[in-house]
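We call the chains A, B, C and D, going by the order they appear; numbering starts again at 1 in every chain.
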Amino acid sequence: MADTINVGLVGYKFMGKAHSNGYRQVAHFFPDVKLRPVLHTLCGRDAEAVRAAADQFGWAEVETDWRRLVANPAIGLVDISTPGDSHAPIAIAAAANGKHIFCEKPLANTLEEARQMIAAAQSAGVVGMVNFNYRRVPAVQLAKRLIEDGRLGTIYHWRAVYLQDWIMDPNFPLVWRLQKDQAGSGTLGDLGAHIVDLARMLVGEITTITGLTETFIKQRPVLEGTTGGLGAAGGQQMGEVTVDDAALFLARFASGAVGTFEVTRFAKGRTNFNSFEINGSKGSLRFNLERMNELEVLLEDEQTDVAGFRTVLVSNGSVHPYWNAWWPAGHIIGWEHTFTHTIYDLLNGVAEGVSPAATFEDGLRCQAVLDAVERSAGSKQWVEPEY
Amino acid sequence: MADTINVGLVGYKFMGKAHSNGYRQVAHFFPDVKLRPVLHTLCGRDAEAVRAAADQFGWAEVETDWRRLVANPAIGLVDISTPGDSHAPIAIAAAANGKHIFCEKPLANTLEEARQMIAAAQSAGVVGMVNFNYRRVPAVQLAKRLIEDGRLGTIYHWRAVYLQDWIMDPNFPLVWRLQKDQAGSGTLGDLGAHIVDLARMLVGEITTITGLTETFIKQRPVLEGTTGGLGAAGGQQMGEVTVDDAALFLARFASGAVGTFEVTRFAKGRTNFNSFEINGSKGSLRFNLERMNELEVLLEDEQTDVAGFRTVLVSNGSVHPYWNAWWPAGHIIGWEHTFTHTIYDLLNGVAEGVSPAATFEDGLRCQAVLDAVERSAGSKQWVEPEY
Amino acid sequence: MADTINVGLVGYKFMGKAHSNGYRQVAHFFPDVKLRPVLHTLCGRDAEAVRAAADQFGWAEVETDWRRLVANPAIGLVDISTPGDSHAPIAIAAAANGKHIFCEKPLANTLEEARQMIAAAQSAGVVGMVNFNYRRVPAVQLAKRLIEDGRLGTIYHWRAVYLQDWIMDPNFPLVWRLQKDQAGSGTLGDLGAHIVDLARMLVGEITTITGLTETFIKQRPVLEGTTGGLGAAGGQQMGEVTVDDAALFLARFASGAVGTFEVTRFAKGRTNFNSFEINGSKGSLRFNLERMNELEVLLEDEQTDVAGFRTVLVSNGSVHPYWNAWWPAGHIIGWEHTFTHTIYDLLNGVAEGVSPAATFEDGLRCQAVLDAVERSAGSKQWVEPEY
Amino acid sequence: MADTINVGLVGYKFMGKAHSNGYRQVAHFFPDVKLRPVLHTLCGRDAEAVRAAADQFGWAEVETDWRRLVANPAIGLVDISTPGDSHAPIAIAAAANGKHIFCEKPLANTLEEARQMIAAAQSAGVVGMVNFNYRRVPAVQLAKRLIEDGRLGTIYHWRAVYLQDWIMDPNFPLVWRLQKDQAGSGTLGDLGAHIVDLARMLVGEITTITGLTETFIKQRPVLEGTTGGLGAAGGQQMGEVTVDDAALFLARFASGAVGTFEVTRFAKGRTNFNSFEINGSKGSLRFNLERMNELEVLLEDEQTDVAGFRTVLVSNGSVHPYWNAWWPAGHIIGWEHTFTHTIYDLLNGVAEGVSPAATFEDGLRCQAVLDAVERSAGSKQWVEPEY
């Protein structure tokens, strides 16, 4: 049986819960994983809350200061599931202590921080991985393989949106995700990071960008206390929303393809609609996270009388990525399984001393694109990402 | 330029309007039609109403007695678009006068009438065709071709429904379609006839049946006057509904396939949902009239990683039936176009002296299946259609 | 923290894996569960294989004879995840030993066995539950609530299919599911049981039935060895398929509704298509397991200009059943989560001494319907289930 | 019965066929039209071809020089269905002769021409209308009404694409639509004009734009002869494609909404995918021309447990625009019906001396947006349309 590695997880709310599940489940479904994770220590500032979370999520120990966690010699892997402003300090300290690092996206709130994180991981020789979990939806991996195998031909178009609607109520309070100092940006870092990362993985590097950002609701009730997770109760006092509610941009890729990107939290009725379409000279693809077990595929074919997009139920263990681990065809998986897939590859990477994609470098490049969008929105110019 | 034929149409409401359009349009889109129809005489009992309809629909003359119409030597083709109880007398008289006949479905209200109509047409040597217009939806013709070419392999399953909801209001009045003496039956003859005809065309003859019929609303307001078409205003007095609101049956086909059939006017939200699915050893098909320009097609394929139903937009003139006549691919056609296709084939048939499918014999065989459903519903036995 | 209960699970393949996951996960997502399960003993005849499965799935002990397992005083709950022919002996012995029982569907291969199981559980005073896991898809629970709250009005129609295609290859071997002595029946018990159970839960008791069964491929290669799960490699010798490949039936419900049911393993391209539609006087519902996080809902409404089926993404913790336990809206769950929900209710039932639905009585009634289908297919008569 | 007006139509290919049908059909379905069109003269340069077209489409006379047609005193309405470079001269001459004008989109190839056309029509006091036929898809009119009635609240987002794939083959020849001197632009004028017009109608004026254009296939075989319509056979010699294959742009609206627009002829598998989504504070809409009889509608609602997009089949004569003229609900209409609707409103406008939308002014404003896209693509700046 494989060796084990002790994990220390910083953050215990939405992402903490999802990461915990990934560590708990990975070896039960992927028994060939090369390192088996031990849920060693869960870290958060509120001692009582973190203890309750540890009990629920299956962690042995708790810790209230991430500095002690990253210094704990028992821990081999540090998982950073906190708001973006703390990613850099935690990661740099973890690297300094020789810990491997698994970091939530976006990698950092600034390019400078991201570069420091890369340098820290490199000089320490530790594995670093960013949790762009949508890379490991089986349907997305199938898309990647179809492209890499040339089955779509030359790619002409990328067309992606990530649409949500959870803050459309003007009375929704000023949570951390709406404050620039903590979140770095609004939809750009939260949703835009995902679709930029997918675009880079599937179509390649982005060379130039024009875009805009918009904040539809400029003042919101200041938060009193928290109910955790994404929801929260607001009070009487109003505060300024310092991040974007929506961001739209056009891009040219190094390959010659062109792309559209749009992210918003103001698309009524769109709960978690992360969707892309790719058009190539020989075929097209469509994906939508709300139906994440499906990929729509159009391939050039001699049977022109039946040309059309196929709705592929991506759940066939004999041909579809990661599916051997799960159930017979047609028994679909859910959102959190993408974390299990990611952690599986992470642990194999740690065992082999290789950082799996999305690497910190991928994280930086994604961040550079988002930074370019913000600069373009400000300057009203086409700008190039500063890789 | 082709010769012309004078048409006499009996009936000027819903079907009369649709048939008129077919005659008007056919030569404009199918200039190769072998006989060009002239809209000669429109017939209905209400002189004023039929005159107004003739003006709107483009008919030269009007007539209030079908007996005169079928005796008019100027007329070459008689079109019967009346309720079922008058099909047989009109058709038999038309045949006796040597007229070609185009008859609305169902062919007749009884098997005996249908047999008399066949005999009359045969002995007169006239062309007879039943208007099963859904045969000539391009997507349905594509389905037929895929099956005939063996691309679905051996057919195992037929699964069809025709669902509507236009009489669910208990206050909807007792229109002629709800009275057995005029309509013959309820959903069976109106909707069931369509899906039985499609089943016969696509999968072959039905050998044995078990079924049930149901009338959910047994009393309705007696009709006062009429607003024409399908809608109508009811009064205070109640009368008995003498036809079925729904019919469900199972069937075995001569080919070894098995089938389910369901028709109802009590499927809330289903406006005109005429849908079938066919499963064969090598592929499957799905069709739905509300999206009549599409056919969903699953074909066995070596590319098992992208197996899935294709949504085929059946609108490509270079490969799809009847489409050369219309528009560039993707510019969809509507429901009434099926009448234009049918009339195109009818007129070519008349020119050649051949009765195109659905022939009167097809009409009889369809009727025999519906008759078997009614007998089975009564006897609670499996019964065989009396072809 | 809640008390614990030791579980003994018999069966370690497809269902064993799914049940194991449910026990492991339940308290992590439903921390209020009233009894926390301990994965105590896994049982199977092949010592080596069961040990490997136990290691993978997280069971402490293994056992190769279910008789020892049901006699083990440490165990409080016996989970029967074996083929149908062994359900009765294991359950009766478990009850005799005072164990609570969780049994895979169908409850038994014969009505007589089912009745004995009910008697055994009753006389022992133990909790008994059948794993009709599709009851606890959140979308299905939402359907149930909409009906119970009268939002669909009077139910007129039930229309259900469960379509698969995994044995269409004539060379697929004669696995246990294709042998009557082990499986009891083919699609009827495997797939039909699910849709009958859903029909009973949503529309009520079935009073009378007419149906047919069909075996399309009558001889298959005899199995040599096994690769486990649903797939298997066949050899040269041929053996008789003794179960149905497809079953179709019509039913009348006590409520006055009528229904169609169809199950098959010969619907090319339909991987795991468990789907139903319900039409009531005020609304309609559609569900499809391959998109199990969605429910299509049509409700009568004063806004007739926007009448139409809504595609409801059933993932909102504030209003949708079981969703509080999982993720923010739009982050979908998978097939195995239905087992977690079922086990949550099971454990609460055990804690309270109440058998949750589906009870053994539900299992018997479902079995009686399937039995009626088989009798009707034989006698070619309408028959009544023998409840 | 209404007075008549003699129509002279210039152009007899794809658009000529569609316009002819509209004139032929309008009074048969809209008997209340205030002027009944007479198909008087069809005009084209090839005498033989135009004669054949006139025979097929139902025109009495033919003409080979549009100058004679616009001077013909018998003609009251001139319909311009030619490539964009001839719109201005024909329209200006027609106005000078006091003819009412119906002009294909885009109004002109340059803003200057468009302004001259407006001036000519104004000084002549004639009715001028641009054929943006997609305005009169019933589903689009329903969208308009929902927005105007405030049922979507404040509009935040417009998201539109018009995707085709008919010139993806590099051997597809250099037809007039690919030559700037005749077509004015590529996808911008052909497809972009449609979605800009819809955006203006539904969301209001566009104030500023950033965009790009791209030509993927820069050289194509020079055309030898023509097969008419959209298809054509190419020869050996290569020529330069002087228009865009794709155009992408972002826009801000005067209302505060933001929008994305994309048009391309390189979206493999997208036949005629003209689609938009609108998100407002209280609801959202989705439309797709390939399913033009449907509108997807999300409206805020107290029934939060069934929140979701409704698929509305826009075919109900009692509540949906233009539907009274056609068939019972659920009997869908096709693409060419939008021309019939447009011509109905045009003829009523002529009867009343009022230019219906899209007016020439609308045509100019649309053109100004497209011009801004081209300027932005050149300058790489945000630019404002020059209204």
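The rule is simple: a contact is a pair of C-beta atoms (placed from the backbone, for glycine too) under 8 Å apart; a residue touches a chain by one contact, two chains touch by 3 or more.
Only a predicted model underlies this, so the values are computations on that prediction, with no experimental measurement involved.
Ranked by distance of CA centroids from chain A, the top chain is B. Looking at A-D and C-D, the interface holding more C-beta pairs in contact is that of A-D.
Taking the mean of the C-alpha atoms as each chain's centre, chain A and chain C sit 35 Å apart.
Computed centre separation for the pair chain C/chain D is 54 angstrom, with centres defined by C-alpha atoms.
Taking each chain's centre as the average of its CA atoms, chain A and chain D sit 42 Å apart. Listed for chain C are residues 307-309, 313, each touching two or more other chains. For chain A in complex with chain B, the touching residues are 142, 145-146, 295, 297, 299, 303-313, 316, 318-320.
Chain A meets chain D in the complex at residues 152, 156-157, 159, 161, 163, 165, 168, 210-212, 214, 216, 246, 248-250, 252, 256, 258, 260, 262, 264, 266-270, 277, 279-284, 298, 300, 307-309, 380-382. For chain A in complex with chain C, the touching residues are 1, 14, 18, 20-21, 24-25, 27-28, 31, 55-58, 164, 166, 229-230, 271-273, 289-293, 313, 315-316, 327-337.
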